[in-house]
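Following are the structures in question.
Each of the next two complexes has chain A plus one more chain, namely chain B in the first and chain C in the second.
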Partner chain A sequence: MKTKKNLTSLILPVAFLILVFLLDQLIKPTDSMSMLLTVLQKGSVYALAAVSMNLLNGFTGLFSLGHAGFMLIGAYTYAIFTIPSQARDSVYQYFDALIRVSFPEVLSGALGGFGYVLGIALAVILAGAIAAVFAWLIGLPVLKLKSDYLAIATLGFAEIVRAIFQWQKLGPVTNGSNLLKSFERTSTFRITLGNGTVISFATFVPVLIAVICISLIVRLVNSTYGRAFKAVRDDEIAAEAMGINLARTKQLSFCTSCFFAGVAGAMMAMVLSIAQASNFKVAMTYEILLMVVLGGIGSISGSIIGAMLFISASEWWLRGLDSGSFLGINAPGIFRNGFRLVVFSLIIMVVVLFFRKGIMGDRELPEVIQGWRQKRQSRKRRAE
Partner chain B sequence: MKILLPYILSGVSVGGQYALIAIGYTMVYGILRLINFAHGDVFMVAGLVMVYLAASTPLYIAIPATILITVALGFTIERVAYKPLRTAPRMSVMISAIGVSYLIQNLTLYITGGLNKNYPEIPWISDKITIFGTTTTRVTLITPFLTVALCLILVWIINHTKIGMAMRAVSKDFETSQLMGIRINSVISATFVIGSFLAAVGSVLFFTNYPGIVPTSGSMPGLKAFVAAVFGGIGSIPGAVIGAFIIGICESLIKGLDTILVTQGVMASPFGFATFSDAFTFVLLIVILVFKPTGLFGEKQTDKV
Partner chain C sequence: MLRIKDLTVNYGGINALRSISLDVPDGKIVTLIGANGAGKSTTLRTISGLVKAASGSITWNDQELIGKPIDSIVSSGIAMAPEGRRVFADLTTLENLRIGAYLRTDKDQIEKDIEWVYSLFPRLKERSWQYAGTLSGGEQQMLAVGRALMSKPKLLMLDEPSLGLAPLVVQDIFKIIRVLNEQGVTVLLVEQNANMALKIADLAYVLETGSITLSGSGEELLTNPQVKEAYLGKKN
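What follows is the complex of A and B.
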């Protein structure tokens, strides 16, 4: 039974990744279905961000609103360490760039194609690691705070980070308030074969990173550490009485969550091909929080579904609300720019007010499917 | 001193405007234990309503109407988004507040088309005046006095009227006061009405100093006002006002620090302090939360098992 379960949990992601890889090759950017690729790319970024926030808010009960700040750190770290040397001077127009290393470039010089992949991986991991170091530092003082004070302190921290990264004096590293561009991004993840065919990895790479990171988080949540997180969430005092080191458990959860937020930030830079501090506002944290709520606080599969639905609805399905016609109704007067977001925020308010548990509640997808199966079986038995 | 004066003046003025918003935060938090994230957006909506009303009606109608509409908005938000969640965990209410904030921002974005709306010029209070050799607008001088006056009236209401007594009771113990026959729903509504009224007054004073309003104009002043409320000790009205003045003055001085230091010859070139004028508020927040989580005038609360 156990091996069978392990096998299915391995086969499903692999099959999904193969599907994504094929979609990458089959769908051309000019197709009407190319929206699907955009949704998959952005969706995987937000899915990872939402799952990492859920690890903190849903599983450890630490209400943090600093995610945008940690994603910013991740995005900048990744961008800075993957700018190719010939593009560096045009990116740092007004400054003398201080960091002159590009991981993919250096490693592909030494190891070829494998080195390039390794360089990207290294930059992504470094993005997470630096975010985690910042999280550790800020966690020392603020994790002692209770619920909403923690929320506002982390929110404040994100704003401080944003100000620091836009500071002109740090220009040689962060390019001041100007954006970072021309680094290795999804549109450069491609191989041109000898006969001219291009194999694109634009969607495959972000989805792959998200799948790896989310499965790591699932493993963590199901481990003894995960149980300690849940114990802290349910009752801090009882957890402490049972011998759980509160400070260490909270710090571990916070740093892990922020590590993956940093990775999500790196993916965000990859997908958007720019990194700019002014994009990582409080509003981004709010959006991620709303995805978590939409999917159900305390459910990892819920967060993934929430993020995918959020992105598909706002990027794709509700597009018509902004451009004049939706579901065959033509009303350019009402369906103009911004209406999509209004409808969308109304839907979210309805979820928040009337379906407080979100789509999944605190259950996971396999449990839900198993529940359906059992129901169907018992119905069959009764019919017999 | 002469070089500091304009910064201190504008700091006191901004501080007064933050104070008017901060009172709304601190009262709601005192009673519902809720960070009303939508409060900053109510403040912004008050500004936008004023823009639209002033375009079609004279000011003596536009200003009272703006205040009325803002109060109605605050009341409605509480009834629609917070009241159904009264028995829910506190986090759900906070998420609802974030949802409301998201909705208001998107709705105003849709209505204004994301364009910068010019705030109407209000005669007399936008006039330029000279004080101790510094030119400023009259609103800069009016704000602190008006703020303190409104604050005193509010403190009087809370200490000497029946509804004020009910508010104090509810903020002390939500459930017991309900058992004692206090209609908590009307007390909570009254809190939101007062908070929104002050936010509307604050928005008239605040936006006359700025060229225009965008849908996100409310979020930063809102957050700063909340920090001011935490700084002064959440739940305490004088605390919120003093906290807001401190934050306003510090922020204004930091904005001008480069100019001051360069003209005084302390530094050769600007250091870029102005980038940190917003961040400073949050540094202050983290420092106060770490060293004195109850704020300047807050009451200490202990957790019971």
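What follows is the complex of A and C.
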């Protein structure tokens, strides 16, 4: 029973990844279905961000609103360490670039194609690690705070980070208020074969990173540490009486969550092809929080579903509401810029009214499917 | 053996404990009785490290406990089932038990101990996949005791296990306390239900506003006129 469950949980992601890889090759940028690729790319960024926020807010009960700040740190770290040396001076046009190393470049020089992949992986991991180091430092004072106060403190931190990254004095590292570009991004993740055919990994890479990271988070949540997180969330005093070190457990959850927020930030840079501090506003944190709440606080599959639905709706399905025609209805007078947001907000209100605990509540997808199966079986038995 | 000497604890600006001394010999059931606010729970919380002592000493097998972090106190073999049960409501019964073994690393033995707890409380086995928040009060108390047992304590501290439970359920809980004691677990029991507590206790202490006013064997205190009047509601 258990091995069967393990096997399906392995086969499903692999099958999904193969499908994404094929879609990457089949859908051309000019197709109308190319929106699907955009949604998958952005969706996997936000899915990871939402799951990592849920780890903190849903599983450990620490209400933090600093996610955009940590994603910003991740995005900048990734971008800075993957800008090729030729492009560096034109990117840092007003400054003398301080960090003059590009991981993919250096490693592909030494190891070839494998080195390139390794370099990207290293830059992504470093993005997470630096976000986690910042999290550890900021966690020392603020994790003593409870609920709303923690939210305010982390929110303030995220805003400070955004301001500091735009500071001209730090220009040699962060390029000041100018954006970072020309680094390794999804549109450069491709192999050109001898006969000129191009194999694209533009969607595959972010989806792969998201799948790996989310499965790591799932493992963590189901481990002894994950149980300790939930115990701290449910009752701090009882958890302490069991010998759980509150400060250490909270710090662990906070740093882990921010590590994955940093990775999500790196993915964001990859997908958007630019890294700019002014993109990482508080509104981004709120969007992620909305995905977590829509999906269900304390449900990982809920966060993924929430993120995918949110991105699909805002980027794709409801686009027509802004551009004149929607579902075959032509009403340029009403369907103008901004109308999409009105409808979107209404949909969210309706969803929240009907699913009070989010779409998934605190259950996970496998449990729900198993529930359906059991119901169907018992119905069958009754019919017999 | 646990020995408390001249322990003073200040708690939110008041003297919760004023220089109390008491012994909990190995293999015995010791009970602390007293009115609300007498300092019973504070004593337990100080032993487990949740509350800091102002002065005095608590030694456990000749090792000083004051100043030690909670996790090392738990792993030295002292476990507490806190007042009001405090089970983890959104975790299943089984997960609650596993949290009790949080500091242990001997996986095989943990599985055996889960079975041991289930054999003590067969009801918990039936509820194994249920969220603890959906259990009845009595089942939650069983779970709180079972969870404390999962750290394999030599000394089990129970803070008002009878609180808010029906008399029959209280009897069940006390039966289990006796069974555990026969299996070699030392029990330090804090109770409002003085009658039940004194009946099973080898040794009993009466706390009044932070000081110990009486001590003796359970039977002695049961027949003590002062105790009878103040805690057992009987007049001579």
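Please note the rule applied: the second predicted complex is superposed on the first by the 379 of 384 C-alpha atoms of A that agree within 3 Å, B and C clash if a C-alpha of one lies under 4 Å from a C-alpha of the other, contacts with A are read in each partner's own complex, and residues count from 1 in each chain.
The definition used in the following text is that contacts are C-beta pairs under 8 Å (C-beta built on N, C-alpha and C of every residue); 3 or more make two chains touch, one makes a residue touch a chain.
Owing to the predicted nature of the structure, the values given are computational and were not obtained by experimental measurement.
> Answer with first, second, both or neither: which of chain B and chain C does A:373 touch in the superposed model?
In the superposition, A:373 contacts neither chain B nor chain C.
> Based on the superposed arrangement, let me know which partner A:342 touches: chain B (first), chain C (second), both, or neither?
In the superposition, A:342 touches chain B alone.
> Touching A:233 in the superposition: chain B (first), chain C (second), both, neither?
second
> Taking the superposition on A as described, I'd like to know which of chain B and chain C A:152 touches: first, second, both or neither.
first
> Please work out whether A:289 is in contact with chain B alone, chain C alone, both, or neither, and reply first, second, both or neither.
Only chain B is touched by A:289; chain C is not.
> Applying the document's definition of touch, where does A:353 land relative to chain B and chain C: first, second, both, or neither?
So A:353 only meets chain B here.
> Now for A:142: first (chain B), second (chain C), both, or neither, which partner does it touch?
A:142 contacts chain B only, not chain C.
> Counting only touches as set out at the top, which of chain B and chain C does A:166 meet: first, second, both, neither?
first
> Could you figure out whether chain B or chain C reaches more residues of chain A?
Here the partner covering more residues of chain A is B.
> Check chain A for residues that touch chain B in one structure and chain C in the other, and list them.
In chain A, positions 237 sit in both the chain B and chain C interfaces.
> Touching residues of chain B toward chain A in the complex: what are they?
33-35, 80-81, 84-85, 88, 90-92, 94-96, 98-103, 105-107, 109-110, 113-114, 216, 219, 223, 226-227, 230, 271-272, 275-276, 278-279, 281-283, 285-286, 289-290, 293, 303, 305
> Which residues of chain A touch chain B once you look at their complex with the stated criterion?
57, 63, 138, 141-142, 144-145, 147-149, 151-153, 155-157, 159-160, 162-164, 166-169, 237, 281-283, 286-287, 289-290, 293, 336-339, 341-342, 344-346, 348-349, 352-353, 356
> If you look only at chain A, which of its residues touch chain C in the complex?
Touch list, chain A to chain C: 224, 227-228, 230-231, 233-235, 237-245, 298, 362.
> Flag every residue of chain C that touches chain A in the complex, lowest number first.
Its residues touching chain A are 48, 50, 69-71, 73-75, 80, 82, 86-91, 95, 98-100, 102-103, 147, 151.
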